[in-house]
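Chain naming follows the written order as A, B and C, and within any one chain the residues start at number 1.
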């Protein structure tokens, strides 16, 4: 209908305009900024490939990338294992099931800033709750956030703790779709609990596992508020994240071109890592 | 009561033509049924009249008013949908009155019309329920009530009965027919069910591929279908078709097919004898089955029974006559058994002859 | 054997649940403890005090930040629901030129990580002169592609005959959306409302970029700046300021726990 077309266009026009201004323009301008040197005050200067060259040899940037991989190497296995375990525990007839689910989900709804502040206190070397428990049972306190070797693992554990409830929900949804007949069939085959998990549950949850890995990878690359609040990127820059570096370049150094270059590089890294992960996990299933 | 006129109406979606040069006049107070298979364009025509679908070419008038470009709300028509389209979050009363409230009809008048419609459709006890709490038949009545309270110029029905089970469908069909005769509102009714069309329609429009095949009273379509499509579409069980040729002269012309010979009645033949292939059409109820075969006689066909379906009053006898599988509908007490050789007498008065799918002889 | 396993399961669950809840309980209790007691494991302070709250309230404009956060999150949530549903309705139920392109663009936007557009958006805000304004906090969030796609998906399942009936009853498209579609779309609308509100309520990075004046800061931002800048001075005060952010959320969560879980999970899976 003419009227339908007219109302359709009218109703969609504000969103189309919004997309142009707040999505299309920033994406294109990001690619322009890569070639600019700009402090937001003076006029932008064309910088050719300077930003890219600088990025390629910027040890701080690559330090941040390496940190992120350290983070992921701890966070991903921990996240998948803990989410899967809790989901399996919840996926049986339980008393107070919704209470348990709500408890695990609680940190998900709490602001990352709050969680970071809370955990910097829990991790505190002298007065922190965790070291308090360690001392109580006769162990030596650990300088969690001030020792270069434990700072990133400590943050990775905390992020796992914060997000696990979210991934439990994803796994629980997947578990609902495993047909009862499959479970009964494998039980009749005489499979042990472990075998049932290994040959039925785990393979059938592959789509959820891929989703969990993808989402926590993307999330891990976007790490910002935790090091910002807890460590400021230290000690010895061991918790410096890519986004924190991007933020510092934009906010502290006013290097818009370089910050945008980091953003573009980050997007490319996320894209290729997720792509490779999906390939690898997908192939693992084919074996 | 107003009349409705379609003038050279066409509808295209991109390159596909759904309705082609549609011309039709619906008379005042008439119940006109549009019938056809899926893709025939019947629903599109109805939706164009409702204003829910744009007319690509042509004009639609209600009386003298050109409504082609008007929005649905300005056309003063009301429609009953296949899945009823009742607002699930509103009570029956709210469903009935919403259209009037939006048209700023006075509260007392709304009250009067809702009561009137509820009374006619026996909806009073249901007025404060939500659609989900109603049976299919009750929802159907609410949908009709919603159309009635509007007191529109034209009622539109889009396959209103196809979501009901068979028993309820027959009952609602009678109710709709009775209601329309009482209200005398001009009505356009779309269905794919030819039984519904035959029993309800003052006139029927048979559609195929977006074109009108035939317009006429139910009995006209049944007695004198203009082409093979209409002949096959109207009537249950459907007409039998046998491919063959005509031999002989006008005085003593014969229809010849593999395993079948049949004398055409004098005076029932077109003036020019068809020389190419022709199709003979015979309705199942225009054949008589003789359970004992006395050998071929004039106007009868020899067949072998392959299946007998007993429906109680009438029975369907499926038989092979040469390569043709045919069906006769009989009321005899004495039925042949499967495998029997039978003679089937054809009522020549009622046989139809088609050339290039167009009917050339009339049986009336 | 069976009961033993059940006992094991419940014990395990209880310990797990405790690790998720206890830190928050500890945090809540720590805010009522005098400085000398904060380091202890005890859940109940021996000398309960409100000093931490008084200090926190006096040192930074947390009341103002609470109002800012409420204002920003509420405005964005209403906008995402109203504008988003209008857009989703058009994209789901109206045929118009450019609809396929708009659908594709919306899917595409979801694939672009936020960090790519962060800096260009920031420079745009600077050039528009929106630094230190509510506009910077609100306008870039007025539409949300995830929300639009979720609502569109829901709207696609509503029968066409309802739209047709409503049009014949004389309704315009906006009226159909708000009087027919909205009441039928409560599940998706509440999901979108919760995740939009929570997303805005908890956002830190964007406010950190575009707002520098204390009286315009949102709660999580002020909290971060306050704790980092040493304004808090002590753990108790810093945790007390975090409580301002946590308490409203926990109260809402206690009542709408199921909706919260569905909506946060839903937004993540779709986005």
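The rule is simple: a residue touches a chain if its C-beta (ideal position, glycine included) is under 8 Å from a C-beta of that chain, and two chains touch if they have at least 3 such contacts.
Keep in mind it's a predicted model, so treat the numbers as computed, not measured.
The largest tally of C-beta contacts between two chains is found for A-C. With centres taken as mean C-alpha coordinates, the chain found closest to the middle of all protein C-alpha atoms is C. Taking the mean of the C-alpha atoms as each chain's centre, subunit B and subunit C sit 58 Å apart. If you average the CA atoms of subunit A and of subunit B, the two centres end up 63 Å from each other. Subunit C has its Cα centroid 17 Å from the Cα centroid of subunit A.
Among the residues of subunit B, those touching two or more other chains are numbered 51-52, 71. Interface residues of subunit C facing subunit B in the complex, by the touch rule stated above, are 159, 161-162, 164-171, 180, 183-184.
Interface residues of subunit C, counted against subunit A in their complex, comprise 9-10, 12-13, 16-17, 19-21, 23-24, 26-27, 30, 38-41, 83, 86-87, 89-91, 94-99, 102, 105-106, 109, 112-124, 126, 139-140, 142-143, 145, 148, 172-174, 198, 201-202, 204-205, 208-209, 220-221, 223-224, 227-228, 235, 238-239, 242, 245-246, 249-250, 253, 257-258, 260-261, 264-265, 268-269.
Every residue of subunit B that touches subunit C in the complex is listed here, in rising order: 47, 50-52, 71-73, 77-79, 81-89, 98-99, 102-103, 146. The touching residues of subunit A, counted against subunit C in their complex, run 4-9, 11-12, 14-16, 18-19, 21-27, 29-30, 33, 38, 40, 86, 89, 92, 94-95, 98-114, 117-119, 121-122, 124, 126-127, 129, 132-133, 136, 161, 165-166, 169-170, 173, 211, 215, 218, 221-222, 224-225, 228-229, 232, 242-243, 246-247, 250-251, 256, 259-260, 263-264, 266-267, 270.
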